[in-house]
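The structures come next, written out as structure tokens.
Okay, so subunit A shows up in both of these, paired with subunit B first and subunit C after.
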Partner chain A sequence: MDKVLSNKKMIALYVLPSLLLILTIVYIPIILTGFYGLHEWNGIGSMKFIGLENYANLMKDGKFWDSAWHSLLLALFSGLSLIIYLMISMVLAARIKGANAFRKIYLIPMLLSSVAIAQLWLRIYNPSNGILNSVLQSIGVDNPPAWLAEPSLVLFALFIPILWQYAGFYILIYYAALKNIPTTLDEAARIDGATSWQIAWKIKLPLIMETVKVTIVLAVVGSLKYFDLIFVMTDGGPNGSSEVMASYMYHTAFRAYDFGYGSATAFSLLVICLIVTWIIRWLTRSKDTIQYS
Partner chain B sequence: MTGNIELQSTTNHGTWRWLGRIGYAIMYIVLILVAVFQLFPLVWLMFFSLKNNQEVFNLPPLSLPMHPRWENYSKVWNAGNIDVYFLNSLWVTVVATVLTVVLGSLVTYAITRMKWKGSSLVLGLFMVAMMIPVHSTLIPLFNFFNKVGLTDHPLSLVLSYVAFNMPITIMILLGFYYSLPREVEEAAVIDGCSVNRMFFRIVLPMTGSVIATTAIINMIYNWNEFIFVNTFISSDSYKTLTVGVQNFIGQYTTDWGAIGATLMISILPILIMFLFLSDRIVEGMAAGSVKG
Partner chain C sequence: MKKKTWSVLLLTICMAVIVSACGGGGKNNQGSKGNDTASGGEKVTVKLMHLWPEGVSAGQNKIVNQIIKEYQDENPNVTIKQEVLDNEQYKNKLKVLSASNELPDVGVTWAAGFMQPYVEGNLFTPLDDLLNGELKDKFVAGTTEAYAVNGKTYALPIEFNIAPIYYNKDLFEKNGLSVPTTYDEFKNIVKTLSDKGIAPIALGNKDRWTGSLWYMYLADRIAGQKTLADTISGSASFTDPGLVQAANEIQWLVDNNAFIKGFNGQSNEEAKSEFLNEKAAMYLMGSWDIPNFTTNEEIPKEFRDKVGFFKFPTVEGGKGDINSWVGGPGVGLFVAENSKVKDEAKKFVEYFVTKWGEQSVTDAGVIPATKVDAENMDLPQLYKDLFAEMNQASSVTLFADVQMPAKAAETHLNLIQALFGKAITPEEFAAEHDKALAK
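Coming up: the complex of A and B.
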């Protein structure tokens, strides 16, 4: 058995294609991004080494910090929305009739492309005949705002489709975790006289805490690298008020052809994502994990 | 049993039952409102995809189209390159999905069933890749594909999709492979079975259900991918639906019926798949939950 299963040639044959692919497409590019960031380069001509100048400029770049702030705001919104998703999942997992149908309906937007979602929500927000302002006018709001054209509203307006897209996904994750808890715990608590509310917050929540931590990382880091929807709906506008880190990177590299500076931005995005992941893991660390048995 | 306890512990039992019922009703109303919020934009999209501009602008937004204008669909299917984009999406999705599942299965088999030194290191490499933002690799990848003559070539998409979906695929497969019984393989080895024969004839057929799950997850991600197509592909004959839709709408900003029909065409395959495979998709999404 061991002889057959430690056949070096077969192992190489099974592992190397994928390994080479991930090194070429993921790991080498990451290193190159950091390397390009040390250069002045328009993407076509020769690269000129300038050391940390791009990174120094980035630190002084108000537009970059604005985009980082917008990303952070989106991350904060997404993190907070998890509370709503958690409450809905608690209700769904409490042996409610039709729970299965509800969670399937909630999931549908998650299956659609961000471009289709963005185009659809552009029509919803359309100031003249979008559904949102039509409804607002019919209930007596005379001058509903042009949602995506108002610098003070645009981030919030962009967050609604994000909420719409991902709600079902997080509800599904929580639901799956809650369903994994043995029902005997539930019954035992009920016999001891615990109310549904107490069972939900004192027993179930601590038991799915590991899942909650994973979703916090997913939601926050996912928001930091948010791109498609914003790119299509506002392209960072009006006047940069919805620019996020990924779109700023895209604009500097592929629109302004400043590939060195764009690379420095892209590398900073990676570093910020890793740092934020680490901070969340550190903040939500626990000395002992609770287990069912 | 529970009824008795409630009777003993609450003096004003009737009030509690009333409150419980109201709470129950409120809960359902909230669940239904969320469901309406999730579905309503899509229903509205379907409605305006069957209207002409006059109807979109003059009729109340929620009104059904009086004469459904199916010609919106035939118009966009024939006028733009939608049919080309659709086929491109289809075959890039299928090729990338098949490659990811096959390569992912081979790696997972080697990691979980075979004995070699670097296995945990290799697994770690795949798992860490899950945390890397796609955007941070975009500039070097563009440069790389440019140098090897693969920009504006579907192969650049296939390679990127396979690489970036490999980690999640391996992660889903891993749990399943660990739980496979070893006895079958032991018997096969005693009978003189080779590794290849064991993998393709014995292990792979046993993993059918988890392969379906990973394939569905891959198909959804690949079908909807945007930024790689937008960056690497420039000619219309290689664009996929997500970018094609984006460009097409850019040219016809005022024809709402055409826009609606285009969007419907781009999301219908996924919606139809969901109609038939919703259980499996829900399960797959839950299994693949650790993807940003």
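Coming up: the complex of A and C.
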């Protein structure tokens, strides 16, 4: 076995299939997308090379910047909600009664497909017979808003199911990280007279900091390229007030048959995600990692 | 995740190109053999690609097979080879085949804006000779025009739809209302119903084309059919006072709670269920929804019996005519420009369109684009009434979003949602349209 693994040809043989696969279905399309972005193309006829014109137009496109702002807002909310998830998992990891049941409750949305979640929340938000407005009316709100039809509310109405959808995922990650901390540290701190707050803030958090950094990247980048729930629930509407970068790309490419511009949008989205990832890594960099000792 | 979708799409396209290239080669061979069909007797294969799979569109699938069988019996030298795909796949494959200029001899296309790139790419052949032959005057007014580009017709329609206002007779009766013939009467109905807490109109404007129907009708009735048609085709300005007034009327309706609550966030399906649940009294929709109000067993019979329809009322002082409709053909048949068996393909299209007419009415519940005498058939009354209306239509204006080029259509639909949401004024609405259509 060792012999096989140290043979360079064998290594190449094992790596090659997946490498080819990832090249053909990930990297080559990315390059092609960038290439299409340099053309004026309706997806059927011939492509016309126009250089960076699509990108220049994109920079001037108010709708693109609106959608970028919405994506950024979502990223901000996802980032902030990580604090809540972290608190929940601290409580769950502290062996409270029924922690198992709670964990399952938080995990369930993760098991549903986005479309199912969208349908569920569409019913909750339905302005005339949805649960939410029925409850509001029963407690005396005369004219509750039509959540998904109000330009000023729709974005926040969408954030709630999106955050709800991913809560279980992050709680699970934090929970696993917290469970990895040896209980002896906890006990020692308690004997020294530390409060629960101090233990959480000064001992547990620094120890799982690496995990937290990873989840920040995941949440922010995931939010920037978020698409499915918004697409199903509002399709970017009303009047573009819930358009995000990915849905804007879809609309220009597949609805308006402007594949060149759509590709330019997609490529910009990729670049923005890369830059944001880099910024987060830079902001959260630390020279020494704290370890259990 | 978006990246993955892209790459899967690309892969599929690559594969489709390879597969179709192989298939195309075979067809060409057979095609060249049957080139001189005029002399008769030679074996010919005509390739037909359509989008009525047995599972999804059983009725249409049955009709297609029946027509093919009859045609082959009458023309023993012709073999019709079918390729069946479902809607989305069909659209994708058509695009891929176009890129390699390997379209089937006969295929299905949508009208106006959809087919424009194909026509510009010189992929479809003009079918005007068929229109002047046996099929002359067989089509309902306004249907073939939707398939014309620069004066030539590139496909023959087989389906046709017009959009009436369906209404709940029971709700009208209980509130002492009768069918309106003028817009003022219509406004009164809206006021009466909304005062009583009943939503007058079910509208799902998340889909946007639904709201576009309302705007189009008002524009037609106030500014007249010609003005509306001209502006949509880009040859006249949307700042026409009649068109601006139509936009104003839309906002009047919004202000007077004519539409269900949160209409801009509700899909057409959600809105329809408000009408089906008798929470809304009226519903403006295409004739494709007729089976839901006549034969669909899933909807309670008591409700189906309550549904009637009326024509969009005329506006006093407006230039519109009550027999002018908004609607349009669904799909049509094209013949590929580079087909090796063009004459045979055209002949088959002619036969298909003729046969489809009657059979689609009785077997599939689809309304054909050809004139049919439905009076003597055993059909639901609502059906018959709408047929009668259709045959005496003075004009039919094609759905704006279908007629405009894809990019302008997208802008139009967004502007419709903004207009209904009162995010823009009617004047801005007009100006933005002109800007989009000028591009």
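Methods note: the second predicted complex is superposed on the first by the 279 of 293 C-alpha atoms of A that agree within 3 Å, B and C clash if a C-alpha of one lies under 4 Å from a C-alpha of the other, contacts with A are read in each partner's own complex, and residues count from 1 in each chain.
Rule of thumb we're sticking to: a residue touches a chain if its C-beta (ideal position, glycine included) is under 8 Å from a C-beta of that chain, and two chains touch if they have at least 3 such contacts.
Owing to the predicted nature of the structure, the values given are computational and were not obtained by experimental measurement.
Chemist: Going by the contact rule set out at the top, does A:Lys48 touch subunit B (first), subunit C (second), both, or neither?
Modeler: The answer is neither, since A:Lys48 touches no partner chain.
Chemist: For A:Trp147 in the superposed arrangement: first (subunit B), second (subunit C), both or neither?
Modeler: second
Chemist: Which holds for A:Phe227: it touches subunit B only (first), subunit C only (second), both, or neither?
Modeler: After superposing on A, A:Phe227 lies in contact with both subunit B and subunit C.
Chemist: When the two structures are overlaid on chain A, which partner does A:Leu270 contact: first (subunit B), second (subunit C), both, or neither?
Modeler: both
Chemist: Looking at A:Lys202 after the superposition, I want to know if it touches subunit B, subunit C, both of them or none. Which is it: first, second, both, neither?
Modeler: Touch partners of A:Lys202: none, neither subunit B nor subunit C.
Chemist: Thinking of the overlay built on chain A, is A:Ala256 touched by subunit B (first), by subunit C (second), by both, or by neither?
Modeler: A:Ala256: touches subunit C, not subunit B.
Chemist: Give one of first, second, both or neither to describe whether A:Arg281 is in contact with subunit B, with subunit C, with both, or with none.
Modeler: A:Arg281 contacts neither subunit B nor subunit C.
Chemist: If you stack the two complexes on chain A, which partner ends up touching A:Thr24: first (subunit B), second (subunit C), both, or neither?
Modeler: both
Chemist: I'd like to know which partner A:Gly237 touches here: subunit B for first, subunit C for second, both or neither.
Modeler: second
Chemist: Any idea whether subunit B or subunit C touches more of subunit A?
Modeler: Between subunit B and subunit C, the winner on subunit A residue contacts is B.
Chemist: Using the superposition described at the top, list the residues of subunit A that contact subunit B and also contact subunit C.
Modeler: Comparing the two interfaces on subunit A, one with subunit B and one with subunit C, the shared residues are 24-26, 28-30, 32-33, 43, 225, 227, 246, 249, 266, 269-270.
Chemist: Within the complex, which stretch of subunit A touches subunit C?
Modeler: 24-26, 28-30, 32-33, 42-45, 122, 125-128, 146-151, 154, 225, 227, 234-235, 237-240, 246, 249, 251, 255-258, 266, 269-270
Chemist: For subunit A, which residues count as touching subunit B in their complex?
Modeler: 1-2, 4-8, 10-11, 14-15, 17-19, 21-30, 32-33, 36, 43, 88, 91-92, 96, 98, 102-116, 119-121, 123-124, 129, 131, 134-135, 164, 167-169, 172-173, 175-176, 190-191, 193, 214-215, 218, 221-222, 224-225, 227-228, 231-232, 246, 249-250, 253-254, 259, 262-263, 266-267, 269-270, 273-274, 277
Chemist: Touching subunit A in the complex: which residues of subunit B?
Modeler: Checking each residue of subunit B against subunit A gives 1-2, 5, 9, 27, 30-31, 34-35, 37-39, 41-42, 44-45, 48, 56-57, 60-62, 103-104, 106-107, 109-111, 113-116, 122, 125-126, 129, 131-144, 159-160, 162-164, 166-167, 185-186, 189, 193-196, 198-199, 220, 223-227, 231, 241-243, 245-246, 249, 256, 259, 263, 266-267, 270-271, 274, 278, 281-282, 285-286, 289-292.
Chemist: Using the touch rule from the top, collect the residues of subunit C that touch subunit A in their complex.
Modeler: Residues 1-4, 6-8, 10-11, 95, 98-99, 117-118, 120-121, 199, 205-206, 208, 260-266, 270, 274, 279, 406-407, 409-410, 414, 417-418, 421, 423.
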